[in-house]
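Each chain gets a letter, A, B, C, D, E, F, G and H, in the order it is written, and its residues are counted from 1.
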């Protein structure tokens, strides 16, 4: 129900074409589907621009299948994140063309084409070990219709690798930096570009990295401006936000 | 031994009907049963209103069976929390009608009926992944004779789902909110009701959720009043406290 | 606007007695007063049962005076917490009978009598140094019309002091325990009563108390059931919640 | 030296119109001015779109005056953040029209007009105590030529205040949420809009807020998508990033 | 080499009966045996009163067997802590009468009798789940010749169980309290006795217990005097120290 | 009331020489004096061996004077810890011979002589800056009748200073080590003696010492046995425990 | 491309012998090899003195094999750290003489001899359990052509073992100390030598060692000078840095 | 007493030229001077290469003067760190030519010339606010006879400032990087040089910098090799270590 429909709905309430009881029911139906263990937010696409994404971690295979079944009744693309292969196999039973990306741990079901963006998102990682998180961001951005340029393994220990790829980074509309350990990549990139930089700390590292805390703090305290941060290993969040910005 | 019995007991000591030695023995027997590795608190129901509950984690199957055996000699309902299936199977050997709730990880043995409460507890979760903790709360509250209304998956990312269920929440005598990640649900609910809100942070989340720490701190700092907090994933504690309040 | 008024209002919208535009305006006025730097929640008393309380910390004296001025136009009792003497003196300029409690750091303005509760709240502290936090709870509970019984300095280092006061604690409808250092008082009380226990960790202590963290963690991990916790030094929150429970 | 100038410069090096030695010198001069204790990044505006901003904290008044003196020789607006009144008075000695914002702790010197943006930034705070941080963001965004809409004190404890202002928030191109305590405001806003949300945790709170840590973790773990986070109390960073996004 | 032998040795050096070179060699031999991967501290018993104990965690089975082999050449009792069953089986190959305590995870080899102490150590646990740590303390104290009285599962949730056993606790020469969760047991015991209390926090608990941190902080901040603390789960350390004190 | 008196008291209750009402009163009087803001634990000396000590931090001067006044009515030595000079001056008004130790921040009032111990406590510090904490321990131990040997500034950076004083340390009955920074002194001492070592971490240091946390963790993880730890800067606790052990 | 080659290259650009386009290409080829998922830093040896080392953790076996394949085309020694046996077996398929060190978890492929250093690195551990980390340091230092003297298991619990080996430690050009638990070894060594000490905290320990945090903080706060610290368990980093210093 | 003297001393003991008692005395005198509150480590210069430095924080002015008085009796340069102006004025009373560096907070007394090093230490800071810590390092290195090249304010937000000064950094024998906030400077420098890098995190920053913790963790997790870290704000430690390395 978009803004215009909402206006008509309210007018109908006012002139009695819709009774208050029916109005209550309708609003209930329009807004979400209730599966008991989950309330699928049908209203979401209209409200925030994208359909709900399934965060699979902590859900049973049965629950995920229930949610996917319901979403399949609509003409939307479906994205599941932090999915195990077992979850994927469950989904595949009810949807043969579901695709699994082992690295990104995503399940993707495509039902409609999204017009690709003319501008692109630059996706930069410090190392090879950061790629799984980066790929989660890439899959997310791509299913939402964005073009993504991957620039992997250009961390500051060999900073010439970054400078060599600076052009493609600078021409992006928005940049995602993905780095573990000390996450210095973000500050260096932030100091070289005039576009928003979304920093994703990863849990790559050991010891005093404290599972990504070091990179997280590093990015939050970046001396470069134009940088903001999402949760540790949150590739999805970065891809989602980059998509919003890329389409502004 | 309730208050009245205690008074009589003391009078008997005074007038010599019970010798001091016998008094000592009696007090010992009344208060707890000693299994060596555990001292079952028989006095508990009189003192705090409920029989002792078995916290199974960290106990051996043999120990749990020993405790259950002893408790079975009395006419009480038995609840075991944080129980694995293996523990349950051990208990089942000595008590065929013990029931296991896989989601809530509880063992329940019913021996007497509890009059259901007229008022109810509203049990609200932010997401689907929070349900196991919520179910532990529900099982606890129910075995103590409370009516529980479940409102699951109404987190603030789709806040209309919460508003749609606000009536049932507001009519409860006490409300339990169960949420992981940033736990914002608690503050939103707290700002909309005039009943006590018991907040249960869950370990649902990743990265900077630090296994529930983010939700815990969030709930402790709630800008809404009327909110208090129990330990991370402590569904039992929330159910227990809600039961006390619901029966005031 | 209470529930009944709200129903009438909606009927008036439906039958056209109130135009949508006027309805929009009315709802705006009813809900809060906008001072620019603050939006006073007039709707609060109807929604959650108590008028808004002024959290003074971080506000300028000018802002506090502006908020008090607006609230004085209504027939309500006013409570300001975490107020300095300087703030109080500012308030006194516009309200001569405002009262300041140095220990509790509260400003109180009484404008209507509240019927005292028949049941009472037991307010227990571990030590003398915990009294300021306890008094904040007491002032809060009392202005909301509750009777409070103070039992101060009965920490577990001399546990007979606690047992000696157990009767008055047990007869309360709800209990607040206020303790710093290791906060063991809460667990001991929790194991001896059948009423809800609201635990307030205080920042009393030094070194590894980490400004109340030790007491906070201790209370969250209480082995006694029926206990929940509010923020460190949050006497107000405990008094507020105790008031809700005391009036159930 | 912009991109085009840089190309000419390199061609001149190639054809010998500029000797390598002269080239070296020129590059040195173009890039920054060396004051010994500070190296002013003249190249910054061309590289990242904005002139360097002076972070005053930890600098002596003499150092700040030296930096301002140098920047005054160019036709640029000057912004100093985290400035004390004493620092401001030092600056005023060398620049009579410098302006000080007590709340935001900023020094501003305007030397050229910036065309105002057609779109605007929505600046939302949870409470009154968050205003100083918000104002730092506002001053920053405004000096960079952005229109800012302030929506203050709409935290979730009285969520109707937020809904009442939702329209102006939704029409913004980018949204900044500023909140302390549990920071739940960010997740609620994030779930209601389709624009990027920049979250600023503040150190408003006490006890287990741990000087803003609770709000920070809360925002990083937001269950709403489209949200990213800057450092605690970093109004400047949020205003700067919002400006970049608003001008995309 | 005890004090007397050391004096003779030095006299021999002085009068030339032992050359400096030989003296150097002798001192080397006396002090420790070098296995390359380990230097067994033969000098330890004379210096600190007890032979070296093998901390098995992090050592390979081969290394442990090497160390045990060497120690078997002397007339001493051998204690290995934090040993897995696999380690024990390795040791058993070279020492058939080695004994394994599954609960305490200790390997014990007895080669000489130790005169039992007349006084005893009271070993008190909060719950059943704390018993493994307590047993490590018991095994340690017993192999060093101490009598140990076990009082298990007397935590403060049912404090009468503690009072019922207070006599045996008070008659001890030194007391060990072993507790997880909030560890309140220590403070309660500390307030009731006039003997040294050694507190052992355990990792029993979940959520905000942070693997024993809550109990550790609780014990360090105990409001009772006469209490000191060892590392989380450090049953060995408590048993060792209690033995030293018991034999004073 | 000592053990024997208690037995008589109970017999009198039994045979009616004391009525239950009088018995109740008597027990109340014997156990503590109630000042409202404080309950002085008169029973303490009989129960744990020492009279109550006044922890002055967080108490008002008026409260401290009230407590001292009450204690002065008995024939006991009085110790106040963490006292400011202002507190001392208040106490001096009611007790002219009260003594203040600026370094240790203690108030001492001597009313009876304590027989000095034959054995002594060795009090060892790592540096000069640790002396205030050590002196608090010394004052505490001395008022309880212990002989104390001070060995100051023998930290491991110049370990020969420690070895040079090893004899006097080894001859003590119990040893207190006081150290900040990394607290390595404790482990070195612990490895060289056969007596109990009480470790006091101090807040001496900066940066990653985190106000004594580094020293605290270091001491808790000591590879030497026979070591236990008290709270950061808790000189009193160490002196008190050392006194208990010294008198065993 | 070393410094001299770089100068020639620039001269060729100036005189046109190399076109700008070719220059661009050449620089690209010289600096790194791009495998997509990894950018091998060929330039590294010239820049920082050593070829790139493969950090295997978080890489797939396929990725590691790809990197090794590329490096095998050059005449360099190859070092892989934090490698599992499975990774090693993958590498062995393409390089039969690759060697695996189970303890150090390293893969080594030798292709050229490195002249051994005349001076040596002293490698000291506190215990036997620290050896795996130490061996990673040793393998690293040795493949870079350094002589390493191992002094294992000389922790301060038996400090005579350290003194007995002090000569060989003091004669080293640089010293690495490897210790877990409280890491006191570093401070003791640091106070006895006049050479740089590189401290490696290890995760050996339990409870309040917090996986090496205690040792890390201890070493950072060392009261001995001349000490610096690398990440927890970072044997590689210590070996690498020691090699740089040893060759100065 | 250097090595040669020590050998003679031992020979004299052997042949009786020095009695054991006299030997004991001599060793006592040679090693340190005992002031009671401090034991000045006279032996230090011979053992670790530099005379003891006075860490002034936490010492009284009287103690500092006592230590300086004693050190003035020897022909050595004196360095006091973390000294306030009040401490300096105390020292000046007994030593008129003592010099105070306000920025570095050091007291310096020069009594003998030190031959300047031919190689130099590069001292690099991220910002202007890091200069005080850097100056402490500089003063330390200089009094020990090292040449220091200062390169200030070259943080990665404007990385061309760093590249412009790379030559002077690369030609140093050892490099100190001093940076707060996210400390990324260290990793960038570490990736560009073949010399040891000593990283000093500073407490410059706010919010999630947690007083330097962010920079500390960042540096410990540096992806560049050849880097080690000292305590937050520990300019002295870095200068001291750099001096040792510079003189190898």
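The rule is simple: a residue touches a chain if its C-beta (ideal position, glycine included) is under 8 Å from a C-beta of that chain, and two chains touch if they have at least 3 such contacts.
Bear in mind that the values here come from a model prediction, so they are computed numbers and not experimental data.
Shared contact partners of chain F and chain G, listed by label: E, H.
Path length between chain B and chain H in the touching-chain graph (shortest route): 2.
Two chain pairs are in question, G-H and E-G; the one with more C-beta pairs in contact is G-H. At the interface between chain D and chain H, two copies of one sequence, fewer than half of the residue numbers in use are shared by both copies.
Centre-to-centre, using mean CA coordinates, chain C is 49 Å away from chain E.
Spacing of chain E relative to chain F, judged by their CA centroids, is 26 angstrom.
Rounded to a whole number, the gap between the C-alpha centres of chain C and chain F is 37 angstrom. In chain B, the residues that reach two or more other chains under the touch definition are 127, 157-158, 191-192, 207-209, 213, 216, 220-221, 225, 231-232. Within the complex formed with chain A, the residues of chain G that make contact are 27-28, 31-32, 36-39, 41, 43-44, 52, 55, 57-59, 63, 82, 201, 203, 211-213, 216, 231-234.
Of all residues in chain H, only 126-127, 155-159, 181-184, 186-188, 190-192, 205, 207-210, 213-215, 217-225 touch chain A in the complex they form.
On the chain A side of its complex with chain G, the touching residues are 127-129, 131, 152-154, 157-158, 160-161, 164, 204, 206-209. Taken in their complex, chain H has these residues touching chain G: 47-50, 53, 173-174, 191-196, 198, 216, 220-221, 225-232, 236-238, 240-241, 244-245, 248.
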